[in-house]
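Next up is a structure, given as structure tokens.
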């Protein structure tokens, strides 16, 4: 494997004086760059991929990193080009970005906002990264997004689902391809009403932090609109590992649906506990007791094992979309093909969103003809595209949120292997999950204006 | 004039009467020994004096003030210093620092937020500590780690630390326990010297009759938590009750 | 009423887990005077013994099935466990189903061996070192152990189900005359409760009724004296460390079906188990058990929605709040002895 | 000099030089070279090194001197951070009020926690402090979300009142500054293949660290410092020497809490955001590790320990396989891949493993921490027989 040395700012290579080493010191201030932070110089551009590599989400981070590496390979003309073949915008041609070879640096967010910012700052300050992407939680996404806004680089969010990222904490330099709590609720509610009936009593267990709050609110309001009643909503500590004390009273409440607004390890444990309590074998109010998990990933499904069977939830994307629902979701197979060939298993939704974000960034730069963040923001705002696996998609200018179809999934009864754990139930079309930019669940923030930095 | 007056002190631990109606006076500027067999209540009495234990009844007056209910450091600040059975010094500090701490306690009281000027710049305390080190023949060990000293030197240092506070009453709890003969004799000489050179009252609890009879001016014999006799050493030696109740055992101990 | 009964039941179950984890920790404190920050890692390794054992049972060879295609359109690779070939599919599946209880047989020797190696190779050299050094070195060891597990098993939780017969839950409510479904409790958790009770009882009996246990208890009370009696206490301490490791490991094995094991589950339990041990009183075995049950029950009550409406967030802090109150009212925890770990 | 002994003044001078020239010292490798990965001379890391240095210096005043092992100091850092960010949201982006208030608030909070926790000693004290910190973390992450921002933390926004600052010009985000000097302002010096970055925020943080270090030397050498070591050595003797050990330990606790608050305030001043994870028990554990790793009770140890851990965290975690291939690309392919396979588990996502191994190695072989390692190397060069019992020997000097 060949790989040229990582460079910082690349500017040294071009500096004629550098070789001699005897030249007088050159004083440079950051402002003397091309008018924006970390303007790429020389023939390379550096992107920063900031993913959890330690802590509970390390496996998800590893999958994100695989997708990033694949995207860089494709951008530089390697491999089969992946989604570049299906992407509606044809600006990219496999010669890097604007002719500059794409290089990247990686860091560990540890799923802690402090560590994530430290890592992102080192990418910006030390490695000269002009775009930061990745992450596996909303806390990290919001923290790094705010940092990128201050520093004047673009943030392409990875997996972040809380409304806040493009709601009260939105920033002009930040963009989210992933869907959000509201969309999960809006996509799930009609299908829940359809599958389980409109006369249902729901009991929510909610992770006691921002993402939990927004998800509970979204699912509650959407399901109540279909006639469901919410009998109770209990908040559970993030650090909880055994949820028995929260699950034991569920049946006493007279509820017949349990909604687990949990993510990651919380969800794996609470679902496992709920199934242990035999909730799914019970009949309450004359109906079969059901469990719903508004957001779950392939990795969570794997962690939950057989417990996930038949559980409804929502996803941003699934690798079987194009095979099962046709060419509307073109790009899916192209991506799965190149990812699967390289790594031997199908990609997760986290990998997909990270790959797409990288491509979208590269495309926006190419269309804008500049790495200047403000130019990139302009190119991405209101951008409509297709062929990236989600069907026609809009990057809305008002809040930098992508609007696209949402996949409603169900844990598969008889999985053939450990990557085939969910089946697609239905796809809720984009217009049903679209909301006004000033929707109350997203109130309280403003994008501000783009910051190009120094 | 009595510097210490103990009246009707009782202390029970569960079913055990540790101290029964103890009445005891220590006259100023004397050496007063308290002897008695194991379990006679000597240590309990000592702990009452320094504030570690509170008696069930009775009063303990030091120089006209009650010590009962006061914390050990408050009682120390009143003028009572205690030497322990096994030397209690600051093992992790140098000999000089060991000496400085009581000097600071004497000057600044129980607590002072003296966190900016260096120790060395506070000449008055430095000089006082140096004086004590010289007086107690520890000056050449000034920079030694206290833990590294011999048992006898540790004892000497502990006594020096107590004296640095200019206490009015020095309490010694079996100061020669576990010592070799030579160290014991050195300690006796040291205490004799202190008695001669300083205006100080000494109360000593001791097992070793050799030590007691070399030092004490008055002796109280404690048995089963109650004072049996109080008299001069010569009279105690010949007292039949004491011989009967006690001296048989002391010969073993001595 | 039924809600309260349910939470008591739940608290007992939770408490038995806490007590079991804390037991080994306090045993090491009491006997060896070592603050073992790697105890959580031992618990985690125990759980991964169950994972490893079921992986061993499902050790497979791969055959290529041309009739089916995988997601890339290539012929499907199908894994066939060797055990199916050895004992037939039905028996093989039954053995795989019982992997978790069976892995106890695998975990005990493994954990004892790990305990011996840890004590002889590392902990032994730290008996006379300050507690701070013990904490640092065992914490370092805990990190190393969990990173090794992460290297082999990844960071994602690994589902390790209990045997199918223990699926579902038992309806106490119906038995006690309440409405059905009001007081239900999973069979496996009841098994865990019973298992914990047996292990705790066994450890107590071992210490109470065997000569070995008597010497160890004497060593806990006064190490120097026992040493002076000419008894080789070191060897016994090594064995005690092995036992403590095995207890932690067994707690982990049986816990695997309750929460899918992941590499950092030890750290999640570490702080909690320290709180339990300290609230119980350092080095006190009955104290640890008592504190385990007390904290388990209080935690269960604090998570009731009626209480949460009254005091929002109480479920977040209850354990720590109780620990503070107990330590302020009882200086050495519930049953601690004077002078242990107070310097 | 400055009321310090020659030796202490020398130490302070060395630390000052290290701080002044950190941009050079931490960037020893030329740009673009394979080893440039190990360069740590960028503003964020340099700031973190000195800020966590302050945190560890303060912690050492409590732990190193009195031996009281607090497992909850991250709470004071966190509380200081929240106080600072609120000053920036409400009052001004100038860092002075933010830092002052953070020290003050952390001091008050540590007074409360210390007053309660110091009723117990040993591990009971440790667990009490841990309990307070964990409660702070849990509440900040959940029910206190309106004040703390919970999971997403707090950052300055356009819409904050900031009554002392004028309205921001359109398109500008609020920036932490010192009377207009932007904390992010940097100047670069290019010398041949080397590039050195001089950052305003770093030098301000470093100056504050030097003041904090100077004050800690004064405390170490003062009667207070001696009393605190006496607390650690023998509380019984202390009480029987007429000294009340409680206010002494409480003073040490509050001072170290204020240092933690200062570090928290500075973190916000350099990087305007706070998240609740800052108060999690692992963060409290980290400062314990820094102090012990560097050498508890020594003056310079905590700074070394803090630097070591933060450097590992930020540099080793960023080494990925690509970088490894870059390093070994001069080798034949087979050996190159072999080397990458060998090193791979210890870098990048495996940086925790390296850290854990180093903890163990240091504690096993260097009981006095990195400072002892330095002394041993020093002794090797001096070829001097050090008497371990003498106060100048390596094992006994309490405050080197």
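Per-chain residue numbering starts at 1, and chain names A, B, C and D are given in the order in which the chains are listed.
Rule of thumb we're sticking to: contacts are C-beta pairs under 8 Å (C-beta built on N, C-alpha and C of every residue); 3 or more make two chains touch, one makes a residue touch a chain.
Predicted model only: the values in this text are computed from it and were never measured.
Interface comparison, A-D against A-C: more C-beta pairs in contact at A-D.
Rounded to whole angstrom units, the spacing between the C-alpha centres of chain A and chain D is 33.
Centres computed as Cα averages put chain A at a distance of 35 Å from chain C.
Our note on geometry: chain B versus chain C, Cα centroid distance of 52 Å, whole angstroms.
Centre-to-centre separation between chain B and chain D, using Cα means, comes to 46 Å. Of all residues in chain A, those touching 2 or more other chains are 54, 58, 208, 235, 237, 239, listed in ascending order.
Each of the following residues of chain D touches two or more other chains: 138, 141-143, 352. Annotation for chain B: no residues touch two or more other chains. Contact annotation for chain pairs lists A-C, A-D, B-D, C-D, with touch applied as defined.
Those residues of chain D that touch chain C in the complex are listed here as 63, 67, 69, 116, 119-124, 127-128, 130-132, 134-135, 138-139, 141-144, 281-282, 285, 288-289, 292-293, 296, 345, 350, 352-353, 355-360, 362-364, 367.
Residues 50, 71-74, 76-77, 81-82, 84, 88-94, 97, 100-102, 104-106, 108-122, 125, 143-145, 148, 161, 165 of chain B are the ones touching chain D in the complex.
Across the complex, chain D meets chain A through its residues 30-34, 36-37, 39, 42-45, 48, 138, 141-143, 145, 149-153, 155, 157-159, 170-173, 175, 184-193, 195, 197, 267, 271-273, 275, 277-278, 280, 313-314, 317-318, 320, 322-323, 325-326, 329, 336-337, 348-349, 351-352. Across the complex, chain C meets chain D through its residues 35, 122, 125, 129, 131-133, 135-137, 139-144, 146-148, 151, 267, 271, 274-275, 278-279, 282, 312-313, 316-317, 320-321, 323-324, 327-328, 331-333, 341-343. Residues 3-5, 218-219, 221-227, 229-230, 232-234, 236-245, 247-248, 251, 255, 389-392, 396, 398 of chain D are the ones touching chain B in the complex.
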